[in-house]
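Okay, so chain A shows up in both of these, paired with chain B first and chain C after.
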Partner chain A sequence: MRHFRFPPQLFRLVLLTLAIVGAYLVARTLLTPQSFGEYGWYRGSALAEIASRTPVFAGKKACAECHADIAQKMAQSEHKTFSCEACHGANREHAMDHDVVPAKVPDSYCLRCHEGNPSRPSWIKQIVVKDHYGEKCSDCHLPHQPTQSP
Partner chain B sequence: MKTQFNRRSALARLGATIAGALALPVARKAKAAVQYFLVSSGAPKGYDPKDHKWLICVDATKCIGCGLCAEACKKENGVPEGPYFRTWIERYIITKPKPGSEETRGETLVDSPDGGMHGFPECPVPKDQIEQSFFVPKLCNLCEHPPCVQVCPVGAAFKAPDGAVLIDPDYCIGCGFCVQACPYGARFLNPITHTAEKCTLCYHRITRGLKPACVEICPAEARIFGDLKHLAPDDPLQQFYETHRTQVLKPYLGTEPRVLYAGLDEEVR
Partner chain C sequence: MTSQLTNAATEVMPAFTGYVYPNEATAHPIWSVLIVVYPYITGLVAGAFIMASLVRVFRVKALEPVYRFSLLTALAFLLCAPLPLLCHLGHPERCFEILMTPHLTSPMAVFGFVYAWYLMAVLLLELWFDYRHDLVVWSKTESGFKGILYRLLTVGVTDLSEPAVKLDARMGKILSIVGIPSAFLLHGYVGFIFGSIKANPWWGNPLMPIIFILSAMSSGIALCVFNYQVLTWVRRREMNMRCLDTMAMFLFYALVVDAAVEALDWLHRAFAAEEGFQVLQVMIREKLFYTLSVGQALVGTLLPFLLLGSLQLLRRRVPEVVRRRMIFSSAAMILVGVLAMRWNVVMGGQLFSKSLRGVMSHKFDFTGGEGWLMGLFLLILPFIILAMLLRLFLSERLPSSEPGPHSAAAASLP
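Entry: the complex of A and B
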């Protein structure tokens, strides 16, 4: 019986295949970001990167830490659903550093919600500006307790 | 000069190359570990995306069209100026049917000037011609099966385990497939970075225990936000979906949105 010899051309083919598969595996380990596949087919560390943005709005809780008196008044008024920053604007800087003075609310700001508009639901009080008394809203209405007068 | 290239040196070089290739991932892991403990990336620690499931409810009957949400979203997320919005308000105006017609209603007009962020101008239809008019806040619908994620060729669009549909800005190549795929029009290409952008559910806020900016700022409580995995006994979210009949936008697409609407008209899509 003749001794079986593995054909050299096949042997080279096997070696080449192994080299290609090996190169692919090495390249994949090197090129795939470490957190890829942590939660799914994406970079898991992207979650933390997206979350690392700094917030701009401080949130109602932060305001109430110092301005508890106003927060308490507002909690009983029609404006109880308001976040302070809805009218006073984004004020995280003021919450972090009390020396930063927040901008004043323009007097016509009330109209943003209360100007009559046929698309607005009827539950919100609306006025037609030219038919309404007075010039300044705050002459007759306290913004924090809108049904009370100063 | 003859180059020395024998079997021994070739094997040694091969061995060194393999060792180097294997050492690299180890070195990167070590670097990541050092970074995690020593360098503050600004990302809140201790947030586990698998421990949350966010949900937003929108009460369309409460929206007063003030546009504070759209404005706050732009400020909070640094969205570029111009017609780029992660959340916006649409105004629907349904006119009265033509006299003598057997229809119950006339035409439906929809507009959203500047995304509604500066309020809405006068109604383009005289008041006595309006059958019904209302505002609808829109945002990413947080699909359970997001079409935008399916079409992303590079794995940049993804749905996080907590339900937020996000974009990896480092991986996005700005091809715009996802912008076309989104049935709710919630995505756009940022003209500065040339990558796709969308509502992140204010991911930087919710991971810190704050509400998304639009929810925080809405004076009418038209948007209710909560975590299904941590519902308080008197959670506004639970109260809302227990007491309201809700629906999703375009249910026939099978996207299973996690944004539930109450008080929608059939014209809203």
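Entry: the complex of A and C
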């Protein structure tokens, strides 16, 4: 009876495949984070990591502590639902330390909502910038009480 | 001041017309130039492989000179196929994570397995079995870096006995047969990723994988024709006209089938005129006029169809030089046309609102991670890798004495 000899090139390939699969399994064991799959298809510890981040927003309440007059005017205006930081930017540092000056609000912020756009609900007042009279929005409109003029 | 404000307005609000949802009014589309390059490169791989399998599986003797060349082309482009995705997603240092915790319900994640199967189990193995005889010979004759590389690639098997070489040929053929459905799977899968998005009338289409495969075949064969002619010119060798004519014939067939299926798709869309067809009409007439009507239909399909078609009818009457130029320009036009087709698919689906009542416009960056320059670099890179592979594995200086379908290959390749 003829002796069967496993072809050497196939034998090496099988060895190589086993080595690759083995390396993958070892890498998978070492590189998969410990808390992976604890709650779902993500690292369980990611929740704690995100929660431990320092917040950058102060919140409307913190603003109202010092700027109560503006907060009151805002509460009666059409912009009452806005958060202060929606236009003024994240300002927790300013709330903690009043010496930190908050960034200036550019006029283009007004255009986020007020530039004419057929897809925007018509109850939002809209203009077409190039046809609209005026240099700066705040020359004619008070952002905190938009229906009034300075 | 007014102009400043107008400029600011275009920064904040991108140009769009009609009814566009707020989350669609972004400065850049989510999928940009890089995602156009990705299916293009993957398609070239699948097409080049199918071209090689014409020799192995379908025994088209005339194409033997380009058998190895097409396989190496497929490899060079396959190595670059995931790069656009890697650059687009950012954080390349995290790319291994998709392999460590693969999510089997994500079509994008499963592509990793499709890719790995095609690269490791099909293309590299087929190349290895095909080259094993040569690698053993070269590992003995070559020295220095090349010698070390060839010795490493033999994986320590130096058996060149007749049964061993026969087994190599048989394994190569089996892998080629497995490779055809695998190449279809690789690129059909890319089509499926788009075709399965049922909320988007431009993409959501069961014909999408088939259209992708067919356009891949024509672009892959066109790439081989293009590269073969460039390589012959660079090496200052005489062109094998029988091989070139046969490639042109298969390129013509692939183009005809591809164009027919795409035309059927559009006929069906136009006749059914389902919800969203109106916005698709706007896309064809206005937004994608140059890339679709001019790039894809005229340059990429009609002109090469006429050139290659006339060659099929009048081949014997056309002088060799004219034939070469006609085939070369057809291949180049098909390559441009299929790139335009990928652009139309990827961008077309993102230029209209999900409300189907508005269209968006985007301005693409020139530099930067998602810019034109990056796309161009990713398109050039596979050619550089191919040049290196040709130096290593298809050099004129290397001796070649192997049996099988490639025996004529090294001998007659420029």
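Assorted remarks:
Basically, the second predicted complex is superposed on the first by the 100 of 150 C-alpha atoms of A that agree within 3 Å, B and C clash if a C-alpha of one lies under 4 Å from a C-alpha of the other, contacts with A are read in each partner's own complex, and residues count from 1 in each chain.
Methods note: a contact is a pair of C-beta atoms (placed from the backbone, for glycine too) under 8 Å apart; a residue touches a chain by one contact, two chains touch by 3 or more.
Predicted model, so just to flag it, every value in this text is computed and none were measured.
Here chain B and chain C are compared by how many residues of chain A each touches, and B touches more. Contact with both chain B and chain C is seen for A:W41 once the two complexes are overlaid on the shared chain. By the document's definition of touching, of the two partners only chain C reaches A:L31; chain B does not. Look at A:P8: by the touch rule set out above, it reaches chain C but stays clear of chain B. Of the two partner chains, chain B and chain C are each touched by A:P118.
Shared-chain residue A:A51: touches chain B; no touch with chain C. Shared-chain residue A:F82: touches chain B; no touch with chain C.
Looking at the shared chain after the overlay, A:P106 reaches chain C, while chain B stays out of its contact range. Once the two complexes are overlaid on the shared chain, A:G59 sits against chain B while remaining clear of chain C. Once chain A of one complex is fitted onto chain A of the other, the partner contacts of A:A90 are limited to chain B, with no touch recorded for chain C. The residues of chain A shared by its contacts with chain B and with chain C are 36, 41, 112, 115, 117-119. Looking at the complex, you find that chain A touches chain C at residues 7-10, 12-13, 16, 20, 24, 27-28, 31-32, 36-37, 41, 106-108, 111-112, 115, 117-119, 129-130, 135-136. Contacts from chain A toward chain B in the complex involve residues 26, 29-30, 34, 36, 39-43, 46-57, 59-60, 79, 81-83, 85-86, 90, 112-113, 115, 117-121, 123-124. Those residues of chain B that touch chain A in the complex are listed here as 21, 24-25, 28-29, 32, 41-44, 47, 49-50, 61-68, 72, 75-77, 91-93, 119-120, 123, 127, 130, 133-135, 155-161, 166, 168-171, 200, 202-205, 207-208, 210-211, 213, 216-221.
Against chain A, in their complex, chain C makes its touches with residues 1-2, 5-6, 8-9, 11-13, 18-22, 96-97, 99-101, 103, 120, 125, 129, 132, 155-157, 159, 163-164, 167-168, 171, 355, 358.
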